[in-house]
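The structures come next, written out as structure tokens.
After this come two complexes, each holding chain A, first together with chain B and then together with chain C.
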Partner chain A sequence: MIRARVLCQQAGRQAGGVILALLAASGLLLLAGASPVEVFRQIGLGAFGSVTRLADVLVVWGPLALVTAGLLVTFAAGLWNIGIEGQIVMGAIGVTGSLRLLQDAPLPAWAVLSVALAAGMMAGAAWAMLSGLLKTVGGVNEIFGGLGLNFIASALILWLIFGPWKRPGIGSMSGTEPFPDSLWLPALAGTRLSFWSVALGLAAVGAVALLLSRTVLGLRLKAVGRNFRAAYLLGVPAWRHLLLAFGLCGALAGVAGFVQVTAVYHRLIPSISSGYGFLGLMVALIIRCRAAWVAPVAVFFAAITIGGIQLPIALQLDSSLSGVLQGLLVLGVLFSDGLRHRAAARP
Partner chain B sequence: MDWPTILLTGLAGVLATAGPLVVAAIGEAISERAGVVNLSLNGTLILSAMAGFAAAVATGSLAAGFLCGAAVGAAAALLVAFAGITLRQSQVAVGFVLALTLRDLAYFLGAPVMGAAGPRLDILPVPLLERLPVVGPMLFRQDVMTYASFLLIAAAWVWIYRTRPGLTLRGLGEQPAAAFVRGADVIRLRYLYTVAGGALVGLAGPMYSLSVKAGWKGTISGLDGLGWIALALTIFGGWHPLRIAAGAYLFAFLQWLGVVLQPFLPGIPSQVLQVAPFPFMILTLVLVNVGQAEWTSRLLALLPEGGRRRLAGLLRLLRASPPAALGQTFKRE
Partner chain C sequence: MARPGAWGMRLLAGLLLVGLAGCGSGPSPDVATPRTDEFVFGLLMVGPANDRGWSQAHFEAGQYVEKNVSGTRMVYVDKVNPADRPGTTPAQLANDLLDRGARLIIFNSDDMKDGALEFARAHPDIPIIHISGDNAWPKGRDFARLPNLANVMGRMEHGAAMAGFVAAMTTRTGRIGYLGPLINDETRRLAAATYLGARHAWTQVLKRDPGQLRFKVSWIGFWFNVPGVTADPTQVADGFFSSGFDVIVSGIDTTEALAEAKKFSTPDKPAWAIPYDYVNACAEAEGNCLGVPYYNWGPAYVQHVEAVRAGTWQPSFQWLDPDWSDINNPDRSAVGFQKGAALPPAAAQELDAFIGALAGGLNLWTGPLRYQDGTVFLKPGETATDTQVWYLPQLLQGMTGQSVSNQ
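The block that comes next holds the complex of A and B.
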């Protein structure tokens, strides 16, 4: 019960930020000559108006929750893992590579998929730890190293899709040849939603919540994040924990890549990450890294993304409005937090 | 066309396409020198490109377009400064969210002017100087903003390293407490430099939409990612105007090389060649940074005397470290 009350208090505190964001969004929409009420109603309908739509929201939710869970680990260790996009991409490349190798082998589908999942996790973790190594050994701030590695990952995926893994004939932005449907994660009838995608997302959020609140490792990671030097002086091998946080986050990003390849697109496409890495960073920021909020807020953000898709048809508005709304929400919360602290600090 | 002409026009093009990157990265360097990291570059650049283009189309005036772009950049920087300095929120967080939000805002608000025909900066040859062999066609047959980017490099260098206020500027980012004791109004100056730097970033947007990549084509304008490059150039250039410019020209040169060499490298898809400079940039970033790492000096100590000195000298030449108080809020005790 106490826990529920804490959650309510946290929600109440953020309400100011959400109201701020809604006001800004309404002003913007009026400026663009649209009715805010109608826009919000259309987004709601677009996200929850039918079973198919709801399923689409959950299709986004799976990878988004996976990525956000991973980012909670790096944020706990005080790291800004902006390279998360590249980690999803490398995970997807690892998955596609292993599926290509094994799709003709006389193995049951579940075995092939398990190997692909492991390969995706390893590829994502390796790419994340490269960010970590650049930071620890090369002295490159993880934000800039991560950005550079994102670019390299997108160069690599383009090269693969247009080069060695191109479709018979000519490579194109539409991606690689689709995998046989025996290698697709099973979808619920009539939808694009796979049970496994949601299950993996839930498992990741639960595991990270436990890791950070109930284990010694979680405590150490947080100690490194709060005060790197103090943690080091108190005997926590701080550098190693940074690498470990990167590795865990990258592995979860790799799982997100696995879901994108095997459950959503069934092939490798250039924009395989769908921007979920950066969206996950936004979710992690708005919930101030509190694990209990990952699942519901990720549903909300996924709903805005899906709800925005039909805006061009319904209201002749560009669907990039979704991104604007999500950004305004995060900014609203950041600014209202700041304003509240400032008001509290004033004598 | 004969080879020398192709090469010269190519290099002139490199100087022009690097112009916006130079301006944006120097703008960012100025705010970072003052201790504020403005991570919003990618969004600011795209929004100011759209806004500048729309303003130029609406008024028919190129100057209005550039002013509008600079205003957008200054406003975005003001948000980062307000959140970071006054509200004491993470500058990185606010900047990052702005980088994504302003980009989408540009696509959203820019839909009505998408594909519209708009004005474009003309080439303005400098009389006499343009006749110089080699240098003439490269440096003196550009548009006004490209000349401005040349001047900015020199002006920023002089300001930062050769003037009294420039010394204070460096102090703001390195030792704000010391600058404060010496009478500098740290908070006000940080606001000032962040907004000024943001305005420069905002100028870079219309440099694309009114010149280098004229027009506004929404998501396919080809501007997404350039802001991140400019940010990387700031770091790669060690917050030093001359080195930032060198990095920007190198980047533009490599991209041009990718286009030129395309016919000779049929095995490599064109999409890959376009992004090829990025890995190169990160490698350089590492090289710039290893000079500082403790293990490098330990490793160097193992080398024989002559080689060590030369290598250490080279690393020192590359070395750059960020302003010590970058991203930290300043509290008057």
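The block that comes next holds the complex of A and C.
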């Protein structure tokens, strides 16, 4: 009974954060002259109103789940991997480079795609480990290192798209020449959704959940994250584990880049990450790094992203309001958590 | 760390709210479900619907259809580009318009070419207009022979020539800057047409040495500013005005050049700009605007909507001339030129004569003309074919700036 009551109290406080966020969002919508109920209804319809839209939600969910799963590893090791956006970009560059190299080779499509997947993972991992090396060797905080590397990755992708990989006779941010259909991850009939995108997302979430809860490596990563020095003194090679966490996260970001190139855009575009790195950070924050919640909360965020498209169509509202809603949800929950911790700390 | 139970409640609350929103009483009839006698058409715009440029011209053309063809309604999405709508594709957004009852879909940008083709192939029963594309052109390089795809484009080469003409008639420094978007066939030929108009004014009207006319093209990388991705058009315009250029002809969808002209202009050193696309674009800075070449999509849209309604619609490729009897006729002319308040009266008179000459058959695409690299484009007396103009592979001799990116 006592446990149930405590749980209810906690639930009430947490739900308070969501309600607070929704109230704030509603206030903003009213200021913008829109009906909050109609906005939420349109977002819901836009995300779940038909099979096609549900499939579109899952198109976002795949890379978002991959990225969030990766971030759980770095969060477990006590790292703020802000460079995740750049890691997705570098993964996509690795994928595009290998596809360009092999698309005319006498190889079956599955072999070319497998090589591309491996190249994307390696590129993402290498870029992430660069953040790790900057931290371990140069003492550069991973937040600043990651930000810098994001800028470099953005510059590199622009240079490739406007330079060596440009479409013949064209200089545009609209991207590289699309790859032939044979190198697209197959989509389910009548949708843009690739089974492989969802499968890779589920596999990543499952693997990370197992890693963090059932393996010695996961335990060591968490030990490093909780107390770096204590872990080191107890015999855990802490720096090596930090690099490993970066590498694992970067590899999963690279897989997200692979999905974006081969299942969504079928070419390389400047905004190939679609902002999923930062969205993944929000998901990881809101679930407080519990792997079991990655899948449903990522669905929730993906639904807001896709459902938000209906705002300009149905209500002539800017769809960036959906981003505002996502941000407010995170802030509301964090604010609620902060209040709770502060109350608990009082004598 | 919170317990999963608490997080479950939190998530449940959120999902419940969105779920409730989604499971309401269904879409309201006025928003989503077309009446049986209503014709809904969909418009995808690459930029904001109020950009005072390309997208606003299309948006207002859609409103023109609603006003002039009874029983029609437009549904639309603007900012259809990966920077503004990450994770989405034009084909996906076209599907959303289809779900809203659209029976004709207009993709308004060259940037949506792949998406328009993908959507056309997936929905062979839905008529599609891809603005500025060439896949429905039997003579074109990328003819796709799709039963439901049409292309519409205005012959803006005439409007661009008029812009170049007034720029050359007005400049005091002999330096004209061209603020270009991305680089492709369309933008190369429009920049070249602007140059041809400027050269004509400089040599044929002002009787000046062509070597004294400087025409420089700077490309930003897309149709409008995408921070962090494209070059900033404000800075590019500033660069022009700071280095002795006193007129900028804009080829991008937004009006930064005009805003910067206003900022840089002084009584001693006036600065002018010529925006692009939208009939009312000069409103940004009337006192510095020499005029604007603009598209008038409304009549073509009406024609397609009526044909679809009547069941007579056919795939077609339209490259529409101005109505030479009155290029600013809103019900007939696909391309026009609105004179700006800053256009000197003498130049305005010469412009009228120039428009008359174009209407009478003056063809600026007549040799001798050379490409930027010095190779022959047109021999003396030779005129360019439509395909030679459409697929112009380089800028022309006399122009400075990149013909393709990063050469």
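By definition in this document, the second predicted complex is superposed on the first by the 331 of 347 C-alpha atoms of A that agree within 3 Å, B and C clash if a C-alpha of one lies under 4 Å from a C-alpha of the other, contacts with A are read in each partner's own complex, and residues count from 1 in each chain.
Note that contacts are C-beta pairs under 8 Å (C-beta built on N, C-alpha and C of every residue); 3 or more make two chains touch, one makes a residue touch a chain.
Since we're looking at a predicted model, the values are computed, not measured.
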*asked:* Per the contact definition in the header, classify A:27: touching chain B only (first), chain C only (second), both, or neither.
replied: neither
_By residue count, which of the two partners contacts chain A more extensively, chain B or chain C?_
C
*Is A:278 contacted by the first partner chain B, the second partner chain C, both or neither?*
first
*asked:* Which partner chains sit in contact with A:162 here, chain B, chain C, both or neither? Use first/second/both/neither.
replied: both
*asked:* In the overlaid three-chain picture, which partner chain does A:290 touch, first (chain B) or second (chain C), both, or neither?
replied: second
*Pick one for A:265: touches chain B only (first), chain C only (second), both, or neither.*
second
*Based on the superposed arrangement, let me know which partner A:180 touches: chain B (first), chain C (second), both, or neither?*
neither
*Who does A:237 touch here: chain B (first), chain C (second), both, or neither?*
neither
*Given the touch rule stated above, what does A:317 touch, chain B (first), chain C (second), both, or neither?*
first
*Now for A:337: first (chain B), second (chain C), both, or neither, which partner does it touch?*
both
*Name the residues of chain A shared by its contacts with chain B and its contacts with chain C.*
154, 158, 162-163, 171, 337
*asked:* With touch defined as at the start, can you tell me which chain A residues reach chain B in the complex?
replied: 28, 32, 80, 82, 134, 137-141, 143-145, 147-149, 151-152, 154-155, 158-159, 162-163, 171, 278, 281-282, 285, 317-318, 320-324, 326-328, 330-331, 334-335, 337-339, 341-342
*Going by the contact rule at the top, pick out the chain A residues touching chain C in the complex.*
7, 10-15, 17-19, 22, 37, 40-50, 52-53, 56, 59-60, 154, 158, 162-163, 166, 169-175, 178, 192, 264-267, 269-271, 273-276, 287-290, 292-293, 296-297, 300, 303-305, 307, 309-310, 312-315, 319, 329, 333, 337
*Residues of chain C touching chain A in their complex?*
1-11, 13-15, 17-24, 27, 31-32, 75-79, 82-83, 85-89, 91-93, 95-97, 99-100, 111, 114, 182-185, 219, 221-222, 226, 228-230, 393, 402, 404-406
*If you look only at chain B, which of its residues touch chain A in the complex?*
39, 83, 86-90, 92-94, 96-98, 100-105, 107-109, 111, 218-219, 225, 228, 231-232, 235, 267-269, 271-272, 275-276, 278-279, 281-282, 285-286, 289-290, 292-293, 295, 322
